[in-house]
Structures are given as structure tokens and as C-alpha cells.
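Common to both upcoming complexes is chain A, partnered first by chain B, then by chain C.
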Partner chain A sequence: MKLGRDRLYWIPLVILVVWTIFPLLWGVSSSFKTYADIYRVPPSIIPPDPEIRAYQVVLTSRGFSTYVFNSTFLALTSSFIAVACSIFAAYGFARFKFRLSTALFLLILIPRIIPRASLIIPLFQMWASVGLLDSYPALIVSYTATAIPFNTMVLTGFFRGVPPALEDAASIDGATLWQRIRYIMIPMSIPAIITVSVMSLREAWNEFPFVLALTTSTRMRTLPYQLFMLRDAMGIEDWPVVLAFTVLTIAPILGFYIIFQKRVTSGLVSGAIK
Partner chain B sequence: MKKLLLVFMVVAFLLPATLAGAQTTVTVWFGRQEFIPADAFETFHAENPDIRVEFDVIPLEESHVDFMRNHAVGVAPDVVQIFGEFLATMVVRGTLLDITEYIEAWAEEDPEDFADIYDIAFDMTTYEDRIYGINVHSGPFFMGYRKDWLAEAGLEEPQTWEELLDACRILQEEVLTGDEYAYAQPGGAHHPPFWMMATFMSMGGQFRDTGTPIVDSEAGIFLIDFYQTLANEGLQDPEAHAWASGDFRGAFMGERAAFYPEAINIYAYTQEVLEYATEWEVMVQPPREGAEDDFRVNSFGWPYMVNSDTEDPEAVMKVLRYLFDPEICVSVALAYQPANRASVMTSDAYYEAHPYFPILEASFAEQVTYPTHLRSVERADILNEMKFVAQQVPAQYTPEEIAARYQELLDALD
Partner chain C sequence: MAETTTMQVELKKLNRYKRLKKTIPYWLILPSLLFVVGVLWYSVLYGIGMSFFRIDLALPDNPFVGLENYFNLLVEERFIHSFQRSLIFVAGSVGLGFVLSFAFAHGLYKVKTFAGSFRGLALVPYLVSGVATAIMFRFLFSRTVGFVNQFLVTLGLERIEFLGEANWAMLVIILANTWFIVPFSTLILLGGMQALDPDLFEVALVEGASKLTILFRIIIPLIKPMIGISMIWLTFASFNMFDVVLPLTAGGPGRATEVLALYMYRLGFDFLRFSDGAVVMTIILLLNIITSVFYLRVFKSEV
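Here is the complex of A and B:
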């Protein structure tokens, strides 16, 4: 059978999908295996004796609800603040020409370029000096500050694509600046706002270096930190439990991402081409 | 009446604050949840109402870094549990308290109790003759092996590394099939080189005063040659160089390996899947032929170190002595890692939980610490890379060449 030329494009796509999906499937499958089955040779993708023990262990483990709450609270709070701040910043960059605006726009992207690890020590000292180590404010502000640059960049591109005439007409009708943002820019930029919200949420949910460095108590830990805690070279690693924890950690954000996937894609593309 | 009421109100207002002020808080970072005493300090609080212990778990892989960072801003805990190898760095940075005088006072005050403690409890926390903490638990690596497979091949328990290597060859040739291999060990990428250094020390490997291993010695070259042989003669799984600890433990427990160098706490799991004394057995890692006098049983531990800024060293010492109390540390020893106390390790309860321990008992009491080093992480990276190169198939360099190359890198750290 002759393979059409356009079908050739499918080959790398299929490889990419398998490359991405297979480890995920393997992880889900292994979370239902027994401890012994994990090390069985040859390995099998389908658990020989599937069991839900690992999920029971995770769900009943001490502190799991705290980690879920912390991850959820930090992700929602920091995402909301980051998106709110980004809307105003992006509007300013999109609509106002002021001195050094281009330089400022580039400057705002710098935190995005600097490796997160190099921010840890200065941030740690800063939070220590104000006595906020091991607290929600330290994490919320740190997460928010790292989310704002990307959000601002995407939203600025999108806002620039909204015809200024709409705002001019509203101004003539007496709309204030806030009203123009509230009733024109935000409704017209919903795809972009959803995009940056999902990206912020995902980033905050998965964040690890800051929570590792800025917290020292169990009550402040998030799901990624606890996942790190499950790795143990000194004892027998219960891989089904580690993988069950991983599945439960990524499931909410994965579901969220799948629901909003189309809007996220369109939001990113719109911001890029308008 | 009004005056009396006023006095009562003032007392009622001030009393709790006064009482709270009289209570000392000692904060402890444990390296693993399993090290926390079973009673979560309940007995301690009952016996010491003036001291409140607050504790949390900071993984050992992070604890020394987190501690030093928090120490720099004055918010580090009073006690931190670390990997013993980081002692030098923490002392030199001035983060640890010299508790030598408290330990000497303890020895004087209760010599009977002190005699119950193995030397390693303080050897591992001593730097330049000063003591900075207590090593309550440690886990030297011994060797688990398949007794039934050796018997099938007509072999006895090997007494030297040379005999062990010969046994591996015979097992691989005559008994093992398919995915079964004679020797299992972790690769170097995932962990510090604990397993490698345990073997190195049993082979008679020595260290410089700085804690740098002398790998271009006879013992070091023998070790590299041993790894080259395992890899190049197919005596270990071809993927073993990439294995993490779980993989090689899984290989032995999954009946795919005949020998595995491991610690006592893992044997507890092994006996759940393999029948002890009939299917598998333990032994002390053997010496190298001709180097019997240099043989040592290594010790890796997780000592509790004391913060140099601690406000109440006496209270901290009470907490440390509580953690080392036989009645307290026995619960951790039975469920997790051995304790450095003779009364715990030779108790009926411990023998029952770990029936193989009598074989290891004498060696356990003679543990020698894996030396600390000021640049411990870099030392680990170099040693792991050396092991990786030693396991190349086919071998690219002679053991002497590898030893010379990595000795140079190690010496550059000093």
C-alpha cells in the first residue's frame, strides 16, 4: 500500500504521542500492581493481579488532605492574583505608549529567563528577614511573581489585537478606564485569560523548588513535595504507592487541562499572531 | 472584694504567660518519619514538663542544606538529623555545637549506661577530636546471598572477595539462567556511593586524613577490577549500571540475583519473600586476600547534630539521651534501622525480628565510620563516575588507568 505524502506527517506525531502517553499509561498501570509485580521480569503493561492497595495507602496516609488543600489553595490563590495583576500590566503595555515601555516589557520577562534555582537564596533571605518563612504568603507571592511575566506577555499580545475603536466608542459614551477593561477588554479576551489561568494554575500546582526551600514544616507541604518525600533509598521503595500518589497528583490538573485544552491552544496562538 | 477580684484577674492573666516562659522548646528535624519515637515524645513530656519537643521531617537528602540555610538566618532547629558524611562541612561552617563536655559528663555520671553504647555512636559525630552529636542509628552494609543456589553448585560461603568472584563465575555458568545474574548492586547515578565504599573498606581501602579515598591503592584497583569483571564477564545484569537501590533489591528478592550487598533493614523485607536460612543467608562482606588486616566493616549513619545557636544545650541533651534510651530506640531498631546499643541489638526481641543478626553481631559492634569530607557531594560525584567507567562494556581502560585518573580528581578536592 502506498503511503500518501501527507500521511508521512503522521509518523513523527504518532511517535510523539506514544512517547508522551506511554510513560503515563505505564505509571497508571503500575499503580495497580503489587509490589512484587513491579520488579517482575519480563514486565507487563497489564497488572497480573490488579489491586487498589496503593490508592488506599495514599488516600488514608497522614497529611494527605493537608497536602491536597495546600496545593489547591496555593494554586488557586496565586493564579487568581497573578492573572489579575497581569491583566492590568498587559493593558498598560498594550494600550499606552510611554517612555521606556519596550524596555520595561523586556524587563518584566527577565524573571522568566533566570533559572528558578538561582532565585532561591535571595528569596529565602528576603522571606527570612520579614519573618515569613514557612508561610502561605511567602509561597503565594513567590508563585505569583513567577507567573506574572508569562501571563503579561500572552495577554499583551492578545489585548493589542482588540480594536481600539471599541474602547474609543465606549469612552465617547462615558466609560471610565476600569469600565473599558471590565466590560470590553476582559470579555473579549476570555480565551487568553483562560489560557494564562490554566498555565498559572499548572505551574503553581507543580511547583517544587520554592516549596522545598521556603518551607520546613509538614503543615505547609504540597503534593509535589510529598511526592519527593516518598522517594527513599534507605528502605524498600513502594513504587505502586509512589505512582498512585503521582496519578492522584496529576489527575486534577490533567483533567482541567483537557477541559480547557482547545481554549488554551487558541489563546496562545491568538496572542502570537494578532 | 473588688481588689481581690482585680488581683485574681491579674494573676489569671499573667500565670499562663509565666508558665509558658518557663517551658523550653526543643525543635528536632528527623530525616525520616520512621526515626520518630513510637510514643512521639509522650513519655518525655511527662518526665520533663518544662521541655516541649516540636519535631518535623526534613528528608535526609535535604536536611544538611536546609539546616545550614536556616542557620544562616537564625531559624534552624535545635537538633537536625543528617547523613554522617556532611559533618565536616557543617562544623567548618560553624553551624554545630561542640557537645564533648556533655558527653563526658554523661560517661562519668552513668558509666553503666555509657558502656552499653557502641563507639560508632560518637565516632561518626567526632570531628578533630570534638563531638557534635550522637549517632543513635547506623546501617552498615553486609552481604545477602542465595544459600540454595550456592549449595546447588557445591559451593561454600566465600571467605574472600576472590572466592566470591569465583563463586559468581561458577553460579553464572552452572546454575543461573535467563535473567538471573550472580551479583546485584546499584548503579552510581541515583545515590551516594555508600555501597561502593562499603565494599572498598572491606577490601582494605584506606582514606586520607581529609576523607578522600585512596583509589589508586591495591584495594582501589582491586575494586575497579572487580566491577570491570562483573560487567564484562556478564556476572551482573547488563543494565545494572543504571539501577537505583530498588532495582537491585528487587533483583535479589525477585530471585534474579545470587549476591547483593545490603543493610540489615532490607533483610527484614527479604525474609518476607524468601525463606531465611534455607533459600538465603547473610554474611559479612569478606576481606581481600592478603589484606585481612586492613578489613573494616563500614558504617553509614544518620546522626542527630546539635545547632550551635541552641539556647538550652541541657534541654537538647535530655532530648538526645531520650532518643538514645534503650526503651525508646528499640522501637525504631525493630521497625527500621539498627540502634548503636548492645542491650537493644542483643535483645530477644531483636533476635526474633532479625534472626540473621547473630551472624553480623560482632561486626556490627566494630563498625568503622565512612569518613566525612569537606566536599562530600563532589567526592560522591567523582566516585560514582569512576564506578560507571569501571562498568563499561567492553572495558576502555585498565583498572590502573581508571584509578589514576579518578585519584587525581579526588585529590584536587583536598
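Here is the complex of A and C:
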């Protein structure tokens, strides 16, 4: 009935769509162009002569599988450890009253506002002093630590909203603490756990300053680091190849997101306003 | 008889459980605490500590120098320059970022058609890495292969050296940074709007309020705390932005886009001036605290 007036609200949405999609679309489309078509004026969004050469170059390039492995391994291990630790911590904060509860909660939450890039100098010194520079443990521990504050905050909030009656009943039946977490709290909190898992994966998969500061050898590089190095490695930039590499680093996390999109966005909305 | 013993056993269990219960939460929290304190708190405090010592690889010891590093650095031309560039970068990103995220959030709040898809799309840049964002924007604004320049040429205009001129390069990093950070602040504002009571609008409409009045007299005042939080987020993310800037311009042309985080990285890893890098780190942290206190004051909820 008020369609005419509501049309105004569509303007920001149209801008949103163009603004969000265009840089991505232009990158994806150009990754399928030939080396020469990249320079063609006027530009066309549809590759005139599409080819998958760039992807073949990237996928067969030396070290690519190492970077994929490093990124995947680091993201999975650090996210798993971070989510597991946060589940326990959140359970502790949500279900127990204890003396230092508020102080410890703040101790874990406050570092969330510490920008990761600012930590690279002391972190470098710290890992250098224990001789673990350029190693997986240094990266895994650093990634895990940065993921825990957000995870604990979201999970604690969610756990507090789960009615304790079920756990009370279970503990009367003799369920152990572990059983209550494993068979009651975790199954009841799947949406929140998915949210924090996707967020941790995203954070670790996209991470750049730590891997830049804490590693030196080529075999330790992750995908974002290598993407950054592509600029130096090639004299003349083969743009379709650089873009194909970019697309390949974005695709997995975007795929994940599309699968879990609904849960992640609603989880984030509630997490964001806390 | 047998029943009482089981009862007693159960009671004993319960008592032991109650005693244990006192220490349980600490054990549950311990692993997280170790990570956060051991890595994050330790490095922040260690970094602040470093800023008071002269750490020089050429020196045999690292003497305590108090605030000397601060005094030296604060008057260094390159620091002042970098600080100024950061301010422009932050002001531009927060200004543009806030306008866009508010417009996006309001659109997402009002339009119900395909609401889920639009909301999902709005969050996409949040999942793209900073490095990938930088590469895509470097490509968009490249002199030869960039869409923007090719478009200008198509219109019969001159090419612009976006990444070769100081002000244009600043504009490009602001655009890339804004693209990267807007999704989260959109989400914060949308969360605030969705928490509003829709009856308020009904009443206002019945009373004859226009849509603009509703926006400025009802929505904005009511979500003021969320506006504050979204501004804190935008300011934080911009002040500390590193991932988008280094791969996009590497601080160039010249040092036109050498923002504070980049300068800090240079100090530490290119010039090996670790104490000065730590000084910049401390200054960045202080700026973050000051801006968040400022925003929290300004946008304090009046309710």
C-alpha cells in the first residue's frame, strides 16, 4: 500500500549491493580474462575470451599446496583449541558464582579491544626469547589467544540464556560436569558454537600481521602472506594470476559462510551489541 | 538398610561435589586465562615496558631511560607526519563508514523483501581478508588495468595516477578500508534498530509524524549507544589498520599513506628500533582508550 514511499528505502540497498559486490565481481571476472584482455578499453565485466589459465598457474605453482596446508592447519587447530577453551570458560562464568568471577571475566574480555597489529613487536620478542619464531606453535598459540575473548563473550551470553533446569535434573541423576557440558550445554548451544567457530576460522584464515612478523621461511607462509608476497615476487604483475590467487583464498571462507549464513549473522548481531 | 547406605554414599558424593564445586569454575576458566594472560596481557605489558628501555641490538645492555624514547619520538618529523596521515585516514574512514553503515542498516531494517539475503550480502566484506581487500582495490585503481581508469578513458578523460599521488592514494586506502570495516558497524546499528519497539512508530505515525521525524526524533536518539559503539568500532579498526594498507600502498607514494600501524611495523621490523616501535604501540593503545572514552561520554544512553 505504501510501496511508492518505501521505494526510498531501496536506494541504500542498491548502493549496498553495488558497493559490496563490485570489487569482488570485477576481481573474479578479471581472473578469467587473458593477460591482454585485462588492458582492454572499454572494460567489460564479462571476459571476452574466458580462460582458466590463471587458476592453472596458481594451482600448479611451487609451494601453493604448502600455503593451503598451513592456512588450513593453523585455522583448524587454533579455532578448535579456542572454541574448546571458550566453551569451558563460558560454562564456568555462566553457571557458577565465585569470588573472582567478574574480575576474571574482564581479564579475559578486555584484550578483545587490543588491536592485533599493535602486538607484533612484543610478540616477536616473546617468541624469539623462547626460540619459537618461525614455528607452528607460536602461530597457533597466538591465534588461539586472540580468538578466545570474543568466543568467551558470545558463549557466556548464550549459556546464560539456556535454562539451568535440564542440567539440574541431569546432575540429580548423577551426571558429571563433563557430561552436563557435553550432552546438555553443547547440544543446546549449537547456533552460538557455530557462530564462534566460523568467526575463529575467519580470523585465523585471514590473519596477516602475526604471520608476517613471526615467520621468516617460505614454508611457513599462509595464503594471505603469499598473496602479499606475490607483489614482490613478480616483476610485471600477471594480474589474472594475482586475482585467481585472491579468489582462491576468499572462496573457502565464503563457502563456509554461505552454508551457515543465517546462524552466523543472527549470532553476530547479538554478539555485536553486547 | 541397603537403601540408607546408598543414600549416605549419595550424600557423601553430594558433599564432596559441593566442596569441589568451589574450585570447579577456576579449573574451567584456567585454559582460556592462560592463553589470554600469557599471550595478550603479557605482550601488551611487555610492550609498554619495552617503551621505557633503550633496546638496541648494538648495545650490550638495555638501560632504563624512562620517558626519553617518548620525548625523542614525539618530535620526530616522521612520527608527526605519520600521526597526521593517520588522523586523515581515520576521519575519512569513520565519516564515510558511518554514513554508509547507517544508510545500509536503515535500509536493511526497513525493507523486508529478501531481508535475509541482503543482510547476508552486507556481511560479505567482513569475511574477506584485509590482504585480499587491498589487492582488489589496488587492481580497481591501477593506472593501466584498473576499472576506474579504464572507465575514465572510455569517457574520453585522462587517466589518474591514483596510487602515485598522495591525496588520491589516501582516498583509495580510505575507500578500501571502509569497504572492509563497514559490515560490522552496519550489523551493530541494525542490531540496535531491531531492538526498538515497533509500536513506537505506529503511535508516531498515528500522531502524524513524518518519516524523517521518526528517523531523527525516534530512531537516532534511541539507538544512540549503538551509534557510539559503531563509531568506536570504526575508529578502532581504522586507527589500527595494517592489513589493508601495507599490501595496497606499502605506505606510498613516498610516505603519504604511512599510517601509525605501518610506521610501527617499519620501526620494529625494518629499522630494528624496537623501543620506538613499542612507544608507537603504547601511543596507539592510548589513542584507542581515549577515543572509546570520548564516544562513550558523547553517546551515553539518556534512558
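Convention: the second predicted complex is superposed on the first by the 253 of 274 C-alpha atoms of A that agree within 3 Å, B and C clash if a C-alpha of one lies under 4 Å from a C-alpha of the other, contacts with A are read in each partner's own complex, and residues count from 1 in each chain.
The working rule: contacts are C-beta pairs under 8 Å (C-beta built on N, C-alpha and C of every residue); 3 or more make two chains touch, one makes a residue touch a chain.
Everything numeric in this text was worked out from a predicted model, so none of it was measured.
Enquirer: Would chain B and chain C fit next to each other on chain A once aligned, or clash?
Expert: The answer is clash.
Enquirer: Kindly classify A:Leu227 by the partners it touches after superposition: chain B alone (first), chain C alone (second), both, or neither?
Expert: second
Enquirer: If you tally the residues of chain A touched by each partner, is the higher count for chain B or for chain C?
Expert: Residues of chain A touched, chain B against chain C: more for C.
Enquirer: Based on the superposed arrangement, let me know which partner A:Ala128 touches: chain B (first), chain C (second), both, or neither?
Expert: first
Enquirer: Applying the document's definition of touch, where does A:Ala117 land relative to chain B and chain C: first, second, both, or neither?
Expert: The second partner, chain C, only.
Enquirer: So, does A:Trp10 touch the first partner chain B, the second partner chain C, both, or neither?
Expert: The second partner, chain C, only.
Enquirer: Touching A:Thr218 in the superposition: chain B (first), chain C (second), both, neither?
Expert: Touch status of A:Thr218: first partner only.
Enquirer: On the A-aligned overlay, A:Val41 touches which partner chain: chain B = first, chain C = second, or both, or neither?
Expert: A:Val41 contacts both chain B and chain C.
Enquirer: I'd like to know which partner A:Ala169 touches here: chain B for first, chain C for second, both or neither.
Expert: So A:Ala169 meets neither chain B nor chain C here.
Enquirer: Quick check on the superposed pair: does A:Trp239 touch chain B, chain C, both, or neither? Answer first, second, both or neither.
Expert: both
Enquirer: What is the shared patch of chain A, the residues that chain B and chain C both contact?
Expert: Touching chain B and chain C on chain A: residues 38-41, 121, 124-125, 213, 228, 239.
Enquirer: For the complex, give me every residue of chain A touching chain C.
Expert: Residues of chain A touching chain C: 5-6, 8-13, 15-17, 19-21, 23-24, 26-27, 30, 38-43, 82, 84-86, 88-89, 91-93, 95-96, 98, 100-101, 104, 107-108, 111, 113-126, 141-142, 144-146, 148-149, 152, 177, 202, 205-209, 213, 224-225, 227-228, 231, 239, 242-243, 246, 249-250, 253-254, 257-258, 261-262, 264-265, 268-270, 272-273.
Enquirer: Mind pulling up the chain C residues that touch chain A in the complex?
Expert: 21-22, 24-29, 31-33, 35-44, 46-47, 50, 100, 103-104, 106-108, 110-111, 116, 118-133, 135-137, 139-140, 142, 144-145, 147, 150-151, 153-154, 179, 184, 187-188, 190-192, 194-195, 211, 226, 229, 236, 239-243, 246-247, 261, 264-265, 268-269, 274, 277-278, 281, 284-285, 288, 292
Enquirer: Looking at the complex, which residues from chain A come into contact with chain B?
Expert: Spelled out, the residues of chain A in touch with chain B are 36, 38-41, 121, 124-125, 128-129, 133, 212-213, 216-218, 228-229, 232-237, 239.
Enquirer: For chain B, which residues count as touching chain A in their complex?
Expert: 29, 32, 34, 56-60, 62, 66, 69-70, 72-75, 77, 139, 179, 190-191, 244-247, 249-251, 253-254, 256, 265-266, 269, 273, 336-337
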